[in-house]
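Shared chain: chain A. Partners: chain B in the first complex, chain C in the second.
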Partner chain A sequence: MSIKSIFLSILKSYLIPPLWMFAIAMPIMGITKSFVTAGLLLIGLLFYRLLKRTGFTGTSNHHYYKDTLSKYRNKYFLKYGWIFALLVSIILPFFLNNYEIDVITSAMLYAMLALGLNLLVGNLGLLNLGYIAFYGIGAYTYAVLYAKFGFSFWDAVVIGGMMASLISMVIALPTLRLKGDYLAIVTLGFGEIVRIVFNNWDSLTNGPNGIMGIPRPYLFGIQLSTGIRFFYLTLGFAVIQTYIIYRLGKSRSGRYALAIRENEQASAMVGINTYKVKTLYFILSAFFGGIAGVLFASKQMFVSPDSFTFIESVYVLAMVILGGMGSIAGVIAGAFTLVVLPELLRGFIIYRMLIFALLLITMMLFKPEGLLGKKAYHDK
Partner chain B sequence: MRIFIQQVVNGLTTGSVYALIALGYTMVYGIIELINFAHGDIYMVGAYGGLIALTLLGTVRSALHLSGIGMLITGITAGMLLSAAYGFTVEKFAYKPLRQSARLSLLITALGVSIFLQNYVMIGQGASDKTYVSLRVLNSNFIVDGVAMTANQIIIFTVAMAIMLALDLFVNKTMTGRAMKAASQDSVAAQLVGININTVISLTFIIGSGLAGIAGVLVGFYYGIVNFSIGYLVGIKAFTAAVLGGIGDIRGAMVGGLVLGLLESLGAAYISSDYKDAFAFIILILLLLIKPSGLFGSRHS
Partner chain C sequence: MTNNTILSINNVSLMFGGLKALDGITIDIKKGEVLCIIGPNGAGKTTLFNCITGFLKPSSGSIMYNGEIELIGKKPYQIAHCGIYRSFQNLALFNDLSVLENVLIGGLKRKDLSYGIADTLFITSKFKTTEKRLKQEAAALLEFTGIEEKRYKKAGELSYGERKLLELARGLITKPQLLLLDEPAAGLNPTEKTELVTAIKRIREQNINVVLIEHDMRFVSDIANWISVLDYGKKLAEGLPEDIKKNKAVIEAYLGT
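== the complex of A and B ==
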């Protein structure tokens, strides 16, 4: 290679993109920020080249990736890892202040949501962009049932989960027959409709002002009013949900789901009723969303439509993607990362969503199966 | 009856905006089968591009002896160029590397790009609403038989129609346009007959985004304010319009946009204005359930 051609190739891959970026960012961002953008892009390009060379990127030729956890995934780790994690979660609150307990409780609620969504996205490869609607339905079920009829938390948990499942069935039965992309759009539309209804059905939901004064639950006659008590309640629910999902993954239908994710036509050929499995998973994921919603309403003691926007759905989706689609530990880790990290980075609050978006894009570029994910799936 | 005609006029105005944006969705979907979530934000970038150009131009306007129409054309051109540049860049950086990977990854990337663009513009331009430059040419009112029309509405409708006509001619009559059409029908076969698919995809993004940019500037004039988050809702509605006309079908998108605009404005007048934004979603869901191929479509089902 001549010096000239090397020079030209460097020019083409490292100089022109940042310059171009600078040029198009200029009108909107001004000189300084455009300069920073171009600089970051240059660094990004260098990293991309480096990672490509080391073969780290997920988009290379091999179809099945090595299991990231396989080194550690032996019997003992599985058995005792969970016990260890559980023990840490039980002891942890004693070392934290109220604010930190609140953050961890939120993270746990998000983990429950992410695990529920993971049933669809990770196990089946179906995209639900309105998942937060089920969270909202659960939360509002409790709020309305309490405000209008004085129902207790424990009644509402059951009814909230049922309500979310019931409504999900209305969506699932017709749409799951459609192609994957359309499901994403239908669920997105559904999520928006639900939020608009919360916002406008004043007589029931009190409109944009929301419903206040939702009580914390009682357990064995003790009100779980403090943060730490509520933390343990959430932990209990989270553990039960995780266990159910774990067992589900081991069951026959769990294996069906994986088969559908990898190749739907082939699964149908070997006699799996793919529509039935998909519907079951959709309803189950809505059920978990609804229960998390009831918990959320009683944690906040307040619900309003603002908590259930589209971006929240994307947020939960990002937790699933970050941690690793289909991996329980990965999804929980993803949820904790995305809740705790922004709290630590309070100073960068304006850049939070920007970083979050970049994270989504880079994950898809480099490791679409997530940090702890098991296998990538290839439709194409 | 007057209310009805007034709503039809308003509906056609918003409808032609939806149609302009829907074209970008439909063209991109036709070629790479991606629901380009970032398209609505490209439209928002266009609106800002026009605003920035007009603000700069406003300071030297008297020196240049620019007429209102001259300002309008400059604004639209600036918005179009900036949007086209953004669309082109997004495709090159975010979508192109993922062309061989799973559909889900591409869809999630598009979501990421959408959030990125919104927050990027928010950091650059601030989170509050920006007042659009107001041009006296656009604000003159016509009242015909009790139905009010602004020059702005007429311009939006005419510009949209003219552009759509031009696009239709371009796609059906020119060599490049036919190459685009061929690539959307069968990209492998198109490559076999010597069509450079990369060029075609870039061109699709540039044209689609440019149209969204034009729509952005027109809407900026129409509503008088812009915000970094305007792209999301309009984007989804335009997507609905694209599905309504049969996704992948260019003429369908034009009709779909107008139909959606009319349905929405009539629905707001006669059913409930609180649920105005929900109509598009309800139409979308019903449509996907009953006839996913769109009103005229027969291909993608």
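== the complex of A and C ==
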């Protein structure tokens, strides 16, 4: 490689994206702020490069290693990377104020949602544009069960998850024979139907006014009323869910999903009942969505149909795509980016959607496989 | 129908609109023989495979497996569970996954190598030993097919011949009783062809029945004990390789009159 080509490749991978960012952001944010943003992007790129060098980006569920060395590196970083992340999240709340804890808690809820959706989008390659409906079903299950029958949070968690699974089964059985765009349209319609039902079934859901006064849960007789206590509850659920999904990806179930995503015909030929596996994954992903919904209802202590609009589905999908389809660490990173970033950009609230779009377009141009994803989806 | 017939295709017909793709095909595949189906392009060889493996549904006839299981009306995955594996003419691999992973996926249907969801979540010893055994078997098969060094490569990065071998390895881990190979030698160079012949002979020794679709007559006469010739959806002739080579109707079908 000549000096010139090295120079060009550095220019291409490190300098062009920030410059591009700068040029686009300047009219909106002014020179200083867009300069800072471009700088942050550059630092981000360098940091990402570093992560890649150390092999931390090789996560997700396939055992695709170039050589044994990187295999061990991956193992090492995976093991200790997760422990480190867990420790950080346990200590973190002590250094944050209530508002920040609240933001992180909702980031965790979104991460749970994104992980659930990733089971479909990332692992199976099925597009679901109405995923937020399961979140809504979970939330409303708890709200209605509490308001009408006085159920506790812990009962509602189980019932909410089951309720979402049950309804997902009703939608999955007839529609999972569809592929790609058609499935996306059906799920989109389903999401809207659920929201409209919440909005109009006054006797049960109290219509657009929503249901108020949902209590925070009790654990060993202590009410998790403060932000910090609820943070730990959410963290507990998120860790359990992440662990389950991680283990599934490492085993037979993960292999089923990979096979179906890659080649349905060949999957059938090695004896995989593709329809059954897809249905099970759909139900499982709805289950996680429902549980996150119950947590959401008790966090907000209030539910209304406005929280479950189509744009929320897109938001969750964007987290999956931004973070990297199929990669657990990536999806979590995507969720945190998309929840925390808008909070940091509060000053530009009107441009939020614009910046959001910009971010995704940039992503598609420069890193179509997502922040921590792998190029497995783009056979170059 | 005696017990030594693994698959008996009886009077199978398939219509594509007004076209008779298969017209009353009757073939018996005896246990222990390597049957080769030959015929000019468009004769209906692959269509017949598609009918056997459930990708197409014949309009009439019956396909009995082991003398007792009717295959028509079954879904491809159910047929795979019966112990039939097929390879595809234009390859059906999991291209973005590693070679090893491709073979491991083949092991999914094995009852003796399965474990439950609880084993997965709590990493039980059953999980560990099963996964280890599965990986050992996969490695052994990759060695058998001679693509062992490529195990961590993506399947899509392999050469054409290696991919054919990988498809074979993935089939063998399912422990099939009947192996249907659709043009396994097409696109292989002479050395690879010889390797394939040895491989198929060794597979034959493990009591796996092999049915091939092939064009290369030298390759066919190397391994086939019995040949069926299809032309325009009809069975034109069948017999020993030597007889087929001399058969006038067959020569006409291939060369034209």
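Here is the rule we go by: the second predicted complex is superposed on the first by the 297 of 380 C-alpha atoms of A that agree within 3 Å, B and C clash if a C-alpha of one lies under 4 Å from a C-alpha of the other, contacts with A are read in each partner's own complex, and residues count from 1 in each chain.
As a working rule, contacts are C-beta pairs under 8 Å (C-beta built on N, C-alpha and C of every residue); 3 or more make two chains touch, one makes a residue touch a chain.
Not measured: the values here are computed from a predicted model.
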{"item": "Touching partner for A:Y256 - first (chain B), second (chain C), both, neither", "value": "second"}
{"item": "First (chain B), second (chain C), both or neither touched by A:G189", "value": "first"}
{"item": "Touched partner set for A:L46, first chain B, second chain C, both or neither", "value": "neither"}
{"item": "Which of chain B and chain C A:G271 touches, first, second, both or neither", "value": "second"}
{"item": "Which superposed partner A:L248 touches (first chain B, second chain C, both, neither)", "value": "second"}
{"item": "Partner chain in contact with A:V158 - chain B first, chain C second, else both or neither", "value": "neither"}
{"item": "Dominant contact partner of chain A by residue count, chain C or chain B", "value": "B"}
{"item": "Overlapping contact positions on chain A, where the chain C interface meets the chain B interface", "value": "376-377, 379"}
{"item": "Complex interface listing, chain A residues touching chain B", "value": "17, 20-21, 23-25, 27-30, 33, 58-59, 121, 125, 127, 129, 174-175, 178-182, 184-186, 188-190, 192-193, 196-197, 200, 310-311, 314, 317, 321, 350-351, 353-354, 356-361, 364-365, 368, 376-380"}
{"item": "For the chain C and chain A complex, residues of the former touching the latter", "value": "53, 55, 75-77, 80-81, 85-86, 88, 92-98, 100-101, 104-106, 108-109, 114-115, 117, 119-121, 123, 127, 131, 152, 154, 156, 170-171, 174"}
{"item": "Contact set on chain A toward chain C in their complex", "value": "62-67, 243-244, 247-248, 250-253, 255-256, 258-259, 262-263, 265-274, 376-377, 379"}
{"item": "Touching residues on chain B, where the partner in the complex is chain A", "value": "33, 35, 45, 48-49, 52-53, 82, 85-86, 89, 93-94, 97-98, 100-109, 111-116, 118-125, 232, 236, 239-240, 243, 274-275, 277-278, 280-282, 284-285, 288-289, 292"}
